[in-house]
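The same subunit A turns up in both complexes below, where it pairs with subunit B and then with subunit C.
Moving on to the complex of A and B:
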């Protein structure tokens, strides 16, 4: 049994003005990964490669145990994919779409589909063209969720949704995970959503993965520490520290490798520690991107 | 089902600590009895809309503290003799002592004065 639902190994793809470089990450079966990046960072290209829609030039991609793009037809039987450009027929009703998908996938679960209609506040008789953006996103999600794919791939599922719709969507995504054989991969610009429901987090920036690990260790590794430098002591630069701010006696440093050893090392040199603060995923993301920008320009 | 869990994104404490605290409270007030089966990690995660990995961490820490136990494939239960009541009271005492120390500093009280007041309180209860 393959315990990795998605695996990227050293994947590259070059376009005229953009390239994906050496992309590696893996997503264990039964978990949910949030894929975070700014606009144009390469999220959608990665998703297209994952789906076999774009072919990588180098590196290996395996999805549900199948090599991509070679075995994409086989892999796709068990994938539910919702892209940003929702491919729905405007003139048809949601019910028509439901019957259509049900005719393709023997695994279609009509009871679950009914439950989703209620939970997403949608009407089956409604024509797609009469739906708002949020309703279309929920309709597209309903269509993929109800055939119970082993892997859900969602490109920005919560972008443009109002708070109620977002909460409904996140709730249904978490319901999917009650089955430990099912896996979710979703991209997002909304770090709050990712922080709330993800098990695994991957940051992508300018075509490169800048960090990828499980959420708990992420949040544990990053801290902001406020230090007081008394007269006669100097702050020795440390490799764990990625940025510092402040010019007086009070300095705030940011570390991505926090441990009690770090604070002990400071205290040993006479530096006083005033506060150690955990960071939100949003703060971590921004600090991470800035840090990598500086590393590139240095 | 678990709407009686109070989890806050604006709370400064990590999510797994909040979940641990809420579970301890359910046990302390008797909602969850000794030996009773508690929600599976995935079910609680879905109900609270919180990552599976976060709930898993809370459960692991609670196991380490001897408050719950997990049998593989059979789910998790409240420990038969959860040593939770004293522990919770200890935590509460700690918080109040810290607060007392802070206030007496603000008031400029001598240690003896504070101790005398505490003694007074002990006699009154």
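Moving on to the complex of A and C:
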């Protein structure tokens, strides 16, 4: 069995005003990757390449062991895809959509579909045009979850949802993720959603992957440290520190390679450490993007 | 190619377009009733309405079954299914054409049946009417090809305009062709060489249009 559900190797794609450059990452089977980036960062382009709908100009993509885009039809037999801009047929009912999907996927689980109808509070007989945005997202999610795909590709599925709908969608996703063979690729601007369900996180900015690691590693590596520099002491620049702010005696530094050795090194030079703060994923993302921009402009 | 996906794709399009087809069939029946009356003005209106129904239904299907798929963002849903761009293209060509052939065949055959059963209309008109019917089919195929390749409403409208000009030109040519003109008024059906040559050219055009559509679609690197 192929242990990598998704594999991007040096993938590039150029548009007139945007370039996806040398994208490489892999997603082991059974893992959940949160793909975080701002608007226009390249998330949707990566997902379209992953689905075989946009062809990369350079590099290789394999999804569930199938080369993309050549074997997209074969790969999509085991993929469930929901994106923010995906719509169902307005004139048809949800029941018609369910029958349509059931006629395509032999793996369609009617009992699970019924369960999802109840937990998402949807009515099968209702026409799609009568559904709210949140209900439409839940309906699309129901259609992909009930055919039990090996790989779930979710492109900003929680965008525009109210807090209740978001909680219901994330709750159902968390249930789905208990299946250890199910792989999820989840793109979002909302770091809070990603933090809740992902075990791997990749940051993309301006068409480039700027960091990719498991969630725990991010949360352990990134710290904000408040320092006091006594008179006569100087703060030596350190490679682990990616940014610093403040003037005079009080300085706050941000590190992406936190370790007890770092604090010990500061203490040894006479610097007083006032606080060591853990960072949220959102703060890590913002600090990472800023650091990347500075590195590019330097 | 995953041919097993073609059936659900065709069934889906039939389900979504069924009211369009029934609407045009109804309008076509009205046209046939008018064309069968004794009043010459009403007969002319009926004939014009019948041709208009066949042209408009082709345009309508090209727009509602292809352009609307992208315009209303249902294309990502279809392309999330286990289909490639080639299968999607084949599915759309087959589905849209089969759907279009329902009013085209029923109304076209009914029109021909009227000619054959009415003593006042010469049977020699049959080849002429067949050429017009097939040309309308060619024009539909042209609009479909343009719709699939460009997915632009403006280009589809342009294709329909070109199609209508070609239909008028063909009618003008047939009226000026001595062989066709003589046979049209005759009591027997004559398939002369000019008529047969035009028919071959029309069916070749259909094959060419679908071939070009497949070629262009398979070269696309950005489908969504």
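We adopt the following convention: the second predicted complex is superposed on the first by the 297 of 298 C-alpha atoms of A that agree within 3 Å, B and C clash if a C-alpha of one lies under 4 Å from a C-alpha of the other, contacts with A are read in each partner's own complex, and residues count from 1 in each chain.
The working rule: contacts are C-beta pairs under 8 Å (C-beta built on N, C-alpha and C of every residue); 3 or more make two chains touch, one makes a residue touch a chain.
These numbers come from a predicted model, not from an experiment.
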Sticking to the clash and touch definitions up top, decide whether subunit B and subunit C on subunit A clash or fit. fit
Looking at A:243, would you say it contacts subunit B, subunit C, both, or neither? Reply first, second, both or neither. neither
Is A:32 touching the first partner subunit B, the second partner subunit C, both, or neither of them? first
On the A-aligned overlay, A:55 touches which partner chain: subunit B = first, subunit C = second, or both, or neither? second
For A:100 in the superposed arrangement: first (subunit B), second (subunit C), both or neither? second
Output check: A:88 vs subunit B and subunit C. Expected answer is one of first, second, both, neither. What do you get? second
In the three-chain superposition, say which chain, subunit B or subunit C, touches more residues of subunit A. C
Is A:12 touching the first partner subunit B, the second partner subunit C, both, or neither of them? neither
Taking every C-alpha pair between subunit B and subunit C in the superposed model, the minimum, in Å, is 26
Kindly list the residues of subunit A that each of subunit B and subunit C touches, one partner per complex. none
In the complex formed with subunit A, which residues of subunit B make contact? 9, 12, 14, 16, 40, 42-43, 45-46, 49-54, 57
Spell out the part of subunit C that touches subunit A in their complex, as residue ranges. 2, 5, 8, 11-12, 15-16, 72-74, 76-77, 79-84, 87, 221-224
Within their complex, subunit A touches subunit B through residues 30-32, 167, 170-171, 174-175, 177-180, 192, 196-200, 214-216, 219, 278
In their shared complex, subunit C is touched by residues of subunit A numbered 48, 51-55, 57, 69, 72-74, 76-77, 79-83, 85-92, 96, 100, 103-104, 140, 144
